[in-house]
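Shared between the two complexes below is subunit A, which pairs with subunit B and subunit C, respectively.
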Partner chain A sequence: MKQSTTTTPTLTVVDVPDPPAHAAEPAAPVRRPRDILVKLAAGWLILIVLLALFASVLPIPAYDVRIDRPALGPSLDLARLLGTDALGRSTLSRLIYGARVSLAVGFVSVLIGMVIGGTLGLLAGYLRGVFEKIANILTDSLLAYPPLVLLLALTSTMGSSLRSLVISLGLLAVPTFTRLARANTMAFAQREFVTASRALGGRRLRIVFREILPNVVFPVASYAFVMAAVLIVAEGSLSFLGLGIPPPSPSWGGMIAAAKDRLATQPQLVFIPAAAMFLTIFALNVVGDRARRRFDVRESAL
Partner chain B sequence: MGRRLRSRLLHIVPVLLLVTFGSMLLVDLTPGDPAATILGESATPEQIDALRRQLGLDRPLLVRYWEWLGNIAHGDFGRSIRSQQPVLDAIVERVPVTLELAVLALIMAFAVVIPLALYTAYRAGGRADRTANVVTSALVSMPPFLTALLLVFLFALTLRAFPATGWVRLLDDPLGNLRSAFLPALALALTEIAVMTRVLRSDLIATLQEDYILSAKAKGLPTWYVLLRHALRPSSFSLVTLAGLSLGRLIGGAVIVETLFALPGLGQLLVNATLAKDAVVVQGVVIFVALVYVALNVLTDFFYTILDPRTRVTGA
Partner chain C sequence: MSAMLEVTDLATTFRTTRGLVRAVDGVTFEIDAGRTLAIVGESGSGKSVLARSLMNLLPASADTSRGTAVFKGTQLRGQSTAALRRIWGDEISMIFQDPMTSLNPVVKVGRQITESLRFHRGRRGAAAHERALELMHDVGIPDPASRLGVYPHQLSGGMRQRVAIATALACEPSLLIADEPTTALDVTIQRQILDLLQRLQAEHGMAIILITHDLGVAAGRTDEVAVMYAGRIVEKAATPVLFSAMRHPYTEALLASIPRLENPVHTRLETIGGRPPDLINPRRGCAFAPRCRYAQPRCLEEDPVLETATTAGHEVACFYPVDTAAGRAALSANAAAGASAAGATVGAAV
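Up next, the complex of A and B:
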C-alpha cells in the first residue's frame, strides 16, 4: 500500500493498488485447494443473499401459513422440500425468510459498527492524548460486559424488533472496530506522507480523513466478514434464548430454539436451520480470512 | 511490574465505574416497574408507591448509584430487589458451578491442544495437519449453542451416556457431578480447542525454525524431547494469553451453555436478573466479572515471567 502515498489521495478507494503481499509469495502454486474453498464460500453467500432478497417473488408459500400436517419430513415438492415445522409451516420458506434477519444483522449492524467504531478509532489513533484515553475507557467498558448480557440488556431496553436488534448488535461491534482502526491509524500516522501533509499546513481533520482514512479503510473493512459471522452468532444466541425477533417472523436462531425440545423426535427441525447457519458462518470466515490476509498490515512488507 | 500494575489500575477504575453505572442505567431504562412486577396485577397504585419507597426506587438514579458505591466500599453488594437475598451470597453460591465448568473446559482443551498442536506443527502440511486444519476451522464456525445441541443429540439422546440437563453438586456425589459437568464443559472446550490449536501450531512452527532446535536435533536428542523441552515453552505465550482471556470469558459468559443445560451458574444468574430488572444483582455480578477479568490479566502477566525470565526486567 506504499504506492498510494500521494499527497492528494482522493476518497475514492478504487485506485488503491494491491498491497505487495502478493509479490511476497512468488512460489505460490497455480491453484490451491484454498481458492476453490473461497469460491465455494463466496458462492454460498451470494446464493443466500439472492434468496433473501427475492424471497417474496419466489414460488414458495408465505412463512406464516400452515401448508400441511406438522413436522413432515422432506419431500420433492418445492414448498415441502425441507418438510414442515411443528405448526405445519414450510421449513424452506421459513429458512429463506429467516436468512433476511441474519443478513440484516450481518450487513447493517457491521456497517453501523464500522462507521462509528472506525471514526472513533481514527480520531483516537491520530489525536492521541485525552481523546484516546476516553475512547479506550469507552471501548474497554463495552468489552468488560459478557457480550450476550449487554445484548440482552440493550434489546430489553429498546424492545424486541428487527430495528432494535440491528442497532444493539451494531453497538456490540463498535469496540472491535475502534481498536482495529486505532491500531491501523497509529501505524500510518508515523509515515512520511502524513508528516509531509502536516508540514504543508494540513489541518488535523483533513489529515485524518483525506490522508489516513483511505489507507485504513481496507485493512479495517477486511474484518467486516469475520465480524458479520460473530454478529450472526450473537443474533442466533439471542434468538435461541427466546429474546430475538418476536414470532411469527422467522430467524434461524428462533427456528432452532422452537424445535430444540423436539430434538429427540424430529431432529431435522433443529439441524436444517443449524446447517444453514453453520454454512453461512463458515463461508463468512473463509472469505474473511482471505480478505484479511490480503490487507494485513503486518504481512504487507512494512 | 509495579508501575504496570499502577497504570492499569488507573485505567481500570473509570472502566469499572462506567460499567456499573451503565448497567444500572440500562436496567433503569428497561420498560416496566420492578415494584409493579413484584406485586402482580392486582396491586393498587398506592401499594406500588409504598413498595417503591421501601425499595428506594423513588430516588434519583445518581443518588442510588452513589449509595451503592459507598456500600461496595464496605464490601456490601446489597440485596436482591426480588428475593431479598444478599447479592454476595447469590454470587458465592453460583461461582463454584461456573468455575468448575471453566476449569474443566480449559483442562479438556489443553489435553487435546498441546499434543495435537505439537504433532501438526512437527508434521506441518502433512495429512494429519490438513485434516486438523479443516476440523478446527469448522469448529470455529460453530455457534456455542449449536455445539451444545449437537453434543446433547449425540451423547445424551442417542447414546444416553450423559444427562442432558441438571446439575449434581460436587459434595453430594463427585462422580455424578463429573457426569453432569462433562457435556457442558466439552461444549465450552470445543471452541477453545479450535482457536488454541491454530495459535499454538503457528507459534510452534515459528519456533521450530530456530537454530537452537536444529542444534538440539543435531546433538541427537529424541524428537519428543526437543518438542516438549525446547519448543513448547517458548511457543506458549499466545496460548497463555488466550487461556487467560478464555477463562475470563468462560466465567463471565457461559450464559448459553448454562441456560441450555439448566446449570445454576453465574451466567444464568445474570440473565435471570437482567430479565427480572433486578438492578442490584446485575451490578453485583457485572462488577464481580469485571474484577475477575482484571485479576486474570495481572495473573497472565505474571505467568509470562515464569515462561520467559527476560520479561522480568521490564520497567527497570
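Up next, the complex of A and C:
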C-alpha cells in the first residue's frame, strides 16, 4: 500500500508532457499505416488467386513429380526456389497447387454458405412466424453439433474429395450467415421504406428480394472474408488430421501434416506452407475488417 | 348514395405487455372525391395509426375487429392481403412523414417511382421510363432525365418528398393519405409540397386525407378538419367554421397555443397543461376532462359522444361546448372556484 502511494505521484509527473504531444498529432496520418496494410493484404490475395488460377500454365514442374533429391533447401532455380519436399517434389509447385484447394474452400464454401444461409436468413427475418421457427431450429442444431464430428460424418458418407470438402465446409458456414442475414433483415424490415413498398402493393417475396436484399447484401458479404479465413483454417486442420483431400493432391494443411516429422531437421517444410496459410488468413482478416468498417460507415450516414 | 370512403366506428387496439392500447377508439368520418380532410391532433392521439388502419398496414399485434371502412363499396377491413394489394398503391396511396426513411437507400429513384406501375399495370421498360419522367416533371423535379438514375441520398429532403409523392401518384389513385408529409421538411419546402399536393388534387380530382399536428397546415388548404384526441374525433367541422367558431375546449386550447406575430415580445406561450391520457387504462368520463378549463362533475362521470353542435355538419363531443350558454356557465363557475371539477387550476374568465 505504502509503495503504491509513493509511485503514483511520479506516474502523474511522467504523464504531464504526454497530452500536448498526443494532441499535436494530426488525425490524417494515423490512417496511413492501416491503408498500406490493407493494400498489401489485397495485393497478397490477388497474387495467390492469380497463381492458383494460372498454376497449370506457369513454368513450374507438376506437383506430383520427383525433380531432385528429397528435402533440399531453397535455391535460385525456379523449380527449386523453395526446395523439395520429403519425396523430392517441388515445394513451390505444391504450394501453388495447394492454394487452389485453400481458395476453393475459402471462396466456394463461403459462397455456398452465403447463398443458402443468406436466403434462409432473409426469409426468416421478414416472414417471421413458422418459417423463422423452422430456420432457427435448423441453424441452432447445426451450431450445437460439434463441427469436427459433423465434418467427419459428412466426409465418411460423401467420400473424401475436394467437392465433398467444399460442400461440407459450406454447410458449416450456413448457420452463421443465416443469423447474420436474419438480424440485418429484421432491422431493415422495420424501416419505413418497407411499409411504403407494402403500401404500393408489393408482394412479400418481392419486398424481401428487391427492397431488403440490396440493403442486407453488403454487411453480410463483408463478413464473407472473415468466414473464408475461418474455413481455410478448418480445411488445414482437416488435412492435418488426414481427412482432407487425398494425396498426392497438395493442400497447405496436408503439406504441414506430411512434414511434421521433419520439423526438427528440415523446419522449412512445415514453415513454408504454414507461412502461406498465415499470410492468406491474415490478409483476409485485414480486408474483411476494412470492408466491414466501410459498410458500417455507410450505414450510419444514411 | 355514398361517399368514396366511409369509415364507421373504426377501432384499432394493440395488445402489449402492459395491457390493451386503444390507439384508435371508434372513429367515424367520410370523404368524397376531390375533397381534403385534415386530421389534426397532438402526438399519440392516434392519427398515424388511423391512417395505417385505413390501409391495413398494421403490425400483427393490432386488433382491427371493430368498425368498418368502406372504399368505393369495398370493405377494407378483414379483406385478404391479396385483395388489399390490388387496392394499395393503385386506388389508395400513402405518403409518409420522413422521406429520408420512406425511400429505399440502395434503389435508384427511377425504379422506385415506377414500382406501382410494375405491380398494377405490368408496365416496364420504356413505357415505365416515360411515365417516370412525366411524374417527376409533374411533381416539379427539375431535369428529370438526369435524376432517374440517382440514389435517394443524392437528393435533398424536399426533392425526396417529391419523389415519394411521384411514387404515390404513379397509378393515379383516387385517395391519397398523407401522413404528416411536411413534418420532416423546413418551412419553405413545406409550403411548396402543400402547394404541389393542392395542384395535383385539382388536376386529378383525388381525395386527400391530410394528417398533421400543425393547425396552420390544415387551415388554408382543407375542406374539413377533424380534431383527434386520445384515439377519438372530438370535433369535426368545415375548415372555416372550425377556425372561426370552434366548440371543443381542446380545439380552443390548440388554437390558443399557436404563437401570434402581433403579440408583444416575451408574451408567454399558451400551453395545454397536463399530458395526453394513458391509452391503456382509459378513465371514466371525457378523456380531456383532466386538462380542461370547462370540466364539470358530469365530465368525469359520463363520456360525451360526437353530436351536431350549433350548425349542421359541425359535430363536437362535449357537454359544455365553447361559446354556448352551457359552456360559458361552466367556465365562469370554474373561474369563480379557481379550479375545474378535475382539479386543474382555472384563471379568471377571459
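The rule is simple: the second predicted complex is superposed on the first by the 266 of 302 C-alpha atoms of A that agree within 3 Å, B and C clash if a C-alpha of one lies under 4 Å from a C-alpha of the other, contacts with A are read in each partner's own complex, and residues count from 1 in each chain.
Convention: a residue touches a chain if its C-beta (ideal position, glycine included) is under 8 Å from a C-beta of that chain, and two chains touch if they have at least 3 such contacts.
As the structure is a computational prediction, the values presented were derived from the model and not from experiment.
When the two complexes are overlaid on their common chain A, residue A:Val233 makes contact with subunit B while staying clear of subunit C. Of the two partner chains, neither subunit B nor subunit C is touched by A:Asp261. Judged by the number of subunit A residues each one touches, B leads among subunit B and subunit C. Residue contacts after overlaying the shared chain place A:Leu241 against subunit B, while subunit C stays out of touching range. Of the two partner chains placed by the overlay, only subunit C lies in contact with A:Gly202; subunit B stays clear of it. By the touch criterion stated above, A:Asp35 is placed in contact with neither subunit B nor subunit C.
Shared-chain residue A:Asp77: touches no atom of subunit B or subunit C. In the superposition on chain A, no residue of subunit A contacts both subunit B and subunit C. Every residue of subunit C that touches subunit A in the complex is listed here, in rising order: 55, 57, 85-90, 93-94, 96-98, 101-107, 115-116, 119-120, 153, 164, 167-168. The residues of subunit B lying in touch with subunit A in their complex are 11-12, 14-16, 18-19, 22-23, 26-27, 29-31, 137-138, 140-146, 149-150, 152-153, 157, 249, 252-253, 255-256, 259, 267, 270-271, 274-275, 282, 286, 289-290, 293. Touching subunit B in their complex are the following residues of subunit A: 136-138, 140-141, 144-149, 152-154, 156-157, 159, 229, 233, 236-237, 240-241, 253, 256, 260, 263-264, 267, 270, 274, 277-278, 281-282, 285-286. Interface of subunit A with subunit C (complex): residues 191-193, 195-203, 210-211, 214-215, 301-302.
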